[in-house]
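The letters A, B, C, D and E name the chains in turn, as written, and every chain counts its residues from 1.
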Amino acid sequence: ADTLAAVKAAGTMKVGTETAFAPFDFIDAGEHVGLNVDLFNEIGKELGVKIEWVTLPWDGVFPALEAGKFDVVAGPATITKKRMERYRFTPPLAEATIAILKKAGDQTISKPEDIAGKKIGVGKATAQLDQLKEFSEALPTKVDIREYPAFTESYADLAAGRIAGVANSLPNIAFVAKQREGTFEVVLPPFGKKSYFGFIGLKDADHAPLMDAIDAAMLKIKADGRMATLQKKWFGASFDTPDSVKDPAF
Amino acid sequence: MSVKLFELLLQASIYTVTISIVSILIGFAIAILLSGMLLSGRGLFVRPAQIFISFFRGVPLLVQLLLIYNLLPVIGINVPSIVAAIIGLSLCTAAYQAENLRGGFASVPRGLVESAEMVGLTPRQIFRRVKVPIALRLTFPALVNEAILILKASSLVSVVGIVELTRMAQDLAGSTFLPLQLFASAGLIYLVINWLVALAGGLIENRLPGAPR
Amino acid sequence: MTFDINVLIGQWPAIVSGAGVTIMIWILGTIAAAVIGFLMAVARQYGGMLIDKVLGAVVAVLRGTPFLIQIFLVYYGGPFVGLDLDPLPAGLIGISIYGAAYFSEIFRSGFLAVPRGHIEAGECVGLTQGQIVRRILLPEMTMLVLPPSVNMVVILMKETAVLSIITVPELTATLSAIGSQQYAFVEALSALALFYWVLVEVTGWLGNLAETKLSRFRFFNA
Amino acid sequence: MSVPAIAVRNLVKTFGETTVLHNVDLAIEPGQVSCLIGPSGSGKSTLLRCMAFLEEATRGTISINGEVLGFTEDSQGRRERISAAANRAIRAQIGMVFQQFNLWPHMTALGNVSEALKAVHKMSRKDAEERAMAQLVKVGLEGRAGHYPSQLSGGQQQRVAIARALALKPKIMLFDEPTSSLDPELTGEVLNVMRDLAAEGMTMVVVSHEIGFAATVGQQIIFLDHGKVLFSGSPQEVFKKPRNLRLEQFLDTYLDRGASMLL
Amino acid sequence: MSVPAIAVRNLVKTFGETTVLHNVDLAIEPGQVSCLIGPSGSGKSTLLRCMAFLEEATRGTISINGEVLGFTEDSQGRRERISAAANRAIRAQIGMVFQQFNLWPHMTALGNVSEALKAVHKMSRKDAEERAMAQLVKVGLEGRAGHYPSQLSGGQQQRVAIARALALKPKIMLFDEPTSSLDPELTGEVLNVMRDLAAEGMTMVVVSHEIGFAATVGQQIIFLDHGKVLFSGSPQEVFKKPRNLRLEQFLDTYLDRGASMLL
């Protein structure tokens, strides 16, 4: 069945996500807020439907997507080659290029290359891990890479002093540093190849019209400047993102 | 950490408590049935009960929940999150409680069953009126234990979209980046809930009439 | 629904190593938990009021809070109070202590179920307290504590999955990493379920075997 | 001759290798008090339990008022099990008082006595409790109706057990060592209750070490030794002129022990 | 006068609010058989258990052959606990047979009797089992050595319990109703065993409801009522001319019951 038709008929589009991915999706004072919430509201307006959120831990998101519990996944996720084999990505909504978060006042790291030989945390099985590995190869002494099940734990270990920094996408760590000013600090500039965040949907024929419609809506939102406004609101700066990613760097 | 965050945790813990309590009660009813099947001595009843216990004790609860939540819709039953959570927890705790009860039934003094046979009670009446109350008395501490385990295991129902205590702590840690404070607070709330459960268990246990010698 | 088993087959070395870590932590942790739990039960029984109260409070905290939260606080909070453990030892110690709290309660209920008179008979023929514990209490409570102990062994096995949060490379961490790298969540979870289910079946089978072998410790009430 | 209340025919009971009852043949006459005596381990409890079909005999049959209980056996020794419902119906004529009382710990004295009236006889709660209370009054326990077994003394528990059995108005009562753990004063109380029953014409089989009771109340004495019935007859035959050497020897030790100070 | 085998001095025992033993003073003479009689709940078992330090007395002392067991007490009433090892050494002189037998259910009859020989006396398995077997033969249970308690009749269990205590060759034996589950014949046998022991100079304290037994075997009769020693003296004094009203009353119920057929 055509999912787009079903969504329009129902008047609501269900969006699945995890609410522990600030600043895209998070809980602030008990409310689900973030870039995704604002952006999907705009997409909903374009499609003429209301948005209904389903929040799950990341483990449960994809089985539920396949089971039809919702129509699309917000997330977002870094667009990678392997992931594109299984799922369909929307146009990018933010840059995912990697940068370093360090402890506030740490004089030993002032530019990305300073992490050579140091212990750096990164999320296990993430696109950021691949980027960090590639960057590390190019340094005189390799980075001592520590993998964490989720970034929350790597930030905890950075605070505890077990590691010297965390490598993650710039939008995420910029938010962390803002939240815990005086504890953490971002090391600029970002490094490595450019990569981008996209929303995720199913590749099958049933979902193609819906995904096409979302793509079109997002490009429209980007073209008329609403996207840049939202990026400013949540990241403090806007990004220059391509209209689509056909051949990701990783 | 602000008072607001603690309030959010407390609100989330309402899910933890209600889902757990409902599941434990439903699970108990199923467990009685299962242990009765196990003890019936008839293959027709014993095998299915064994398979049930093997599955629900063997497969991680997380996977059970995902199956109930995501597979039932495939065969046309669309279960809301809260129902999926309660079904999952109930079936899982039923498997564990059935094993506990089996031990309790095996410990009912044989003479008490014989005296029931002598006054003419049917096997079913003996089960309901003699064995169940005595086995319950014998296994009550184990049942309270199971209740505490389920209260803690209920954190897994977040996988079907319910933001209970642990999930709320994780979500809040994901935006405030204060995981130690949030987890310590969540731990404290669990401790208080479980302490109350143990306290209530102790009170009920003392009210249960007559322990067998 | 997408289901591509090759995703997993390609990663078999990582999976085998994850399974190995899980089994190692599970077995060592369970043995340590049972031994520590037994000693705690003995200490509570014979160590006097104060030890009983203190250990009772420790057990209440360990049983009253989720393992996930305990291990997170100890591992990530530890360095702030000068306790800096590596993931593997932290995980092993964590499982052992968490399990010990439960085992101590199982053994304690076992002790209480042994009729006082049997202990007194031992005292009267001059057995020492150690001999009474070893030769009378332990064998007499065997059948009573066996089923809850098997339950506990199963529960501890599943708790090892929590150790992924402190970066222990056990099977759940390994498989969910494979899952999220390639977005093959269904495959990863299926493999995980199958693995734990097999381990639980083996445990249950060993438990039944033990019940049969030890059935001479099953006493029929007159 | 009338149909015996209990007819034991050629009964054999083995536990694994050990044979505990050897081809026991017995007829318990209705309306009489029969006492089962014999040394420890001779099989008294086992025989009583077989009579109530709490123990499955290995061979032989038990009939209650002419109806076969448990297993039928044909001339070739083929045994066939009787349906559970039929067994329950036959067993309804028998009441048993256990050595350990076996009261249900989760019910009060009144609950213990009224339970079967409600569950088996389908009496209303009110009627059942009225009848149970009447029975408790009979054994002098009206003041303890609301007590749980753990709150009753040994003698009181014993009397509740008797009341529980009697409330069902059985035709036959079986007692297994009803006084072994009671002190002389309590023993007296229990024996009085039994004497009253005997006077009302109840058929009773009593396993007892209390030879005094056997002598005064028993109308038939059955002496069991090593799983065999060595003697069965009236108290006069037993105590005045025992003609069985083994029985004589058994009784001698008793007279030896107790008589000297009483005489 | 010689040192008493057991000296009980001013013993008080309370459970919570209830005082069960009131200032009991007693001297058990070595090589004699002393019988403790009294109604149910009078404190007989409690007194015996205090003598074996299975129960901690609230006040007062117990001495075994002149050595204080459990707690010393000075003139100000300050009590001090004696070391566990010292208590064990003193207690090694005492053997006890419990009312409930307290056999270990996971060991055979032979295992129950040989356990302490192996564990305490460090005898080899073979020697221990030989001596245990000899003891089982003495109580007539050679054929049941391999049985577990659940496979033994009541009387057989009781005899295993006696054998277990005797195998350690204690100087003093405490019996709590040793014959309650025995038939008259076996009671006689057990009595003979006890007579032999007495002849060998064993000191014995026997709690018994069997007044006949007390009368014929006891050399000292102690009558306990409501936790007080109301009478202590020779059997002749007790049974021929009891001068204590309560004692007379207690004995009456017994005579009532058993005498009719013996006379």
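Worth pointing out:
As a working rule, a residue touches a chain if its C-beta (ideal position, glycine included) is under 8 Å from a C-beta of that chain, and two chains touch if they have at least 3 such contacts.
Please read these numbers as outputs of a predicted model, since none were measured by experiment.
Among the remaining chains, those touching chain B and also chain C are A. The most distant chain from chain E is A, comparing centres defined as mean Cα coordinates. The two copies, chain D and chain E, are related by a rotation of 165°, based on C-alpha atoms and rounded to the nearest 5. For this pair, chain C with chain E, the centres built from the Cα atoms lie 46 Å apart. With centres defined as mean CA coordinates, chain E is found 31 Å away from chain D. Chain centres here are Cα averages; for chain A and chain C they lie 38 Å apart.
Counting only residues that touch two or more partner chains, chain D has 100.
In chain B, the residues that reach two or more other chains under the touch definition are 62, 66, 109, 111, 179-180. Multi-chain contact residues of chain A, defined as those touching 2 or more other chains: 59, 63, 66-67, 153, 156. Touching chain pairs in this entry, ordered by label, are A-B, A-C, B-C, B-D, C-E, D-E.
Within the complex formed with chain B, the residues of chain C that make contact are 60-61, 63-70, 72-73, 76-77, 80, 102, 105, 109, 144, 147-148, 150-151, 154-155, 158, 161, 189-190, 192-193, 196-197, 200-201, 204, 220-222.
Residues 52, 54, 84, 88, 91-92, 94-96, 98, 100, 102-106, 115-116, 119-120, 148-150, 164-165, 168 of chain E are the ones touching chain C in the complex.
Against chain E, the residues of chain C that register as touching in their complex are 115, 117-118, 120-129, 131, 135-136, 139-140, 142, 216-217, 219-220, 222. Across the complex, chain E meets chain D through its residues 39-41, 144, 151-156, 158-159, 180-189, 191, 209-213, 215-216, 235, 239, 250, 253-263. Considering their complex, residues 1-2, 72, 76-80, 84, 164-167, 173, 176-186, 189 of chain C touch chain A.
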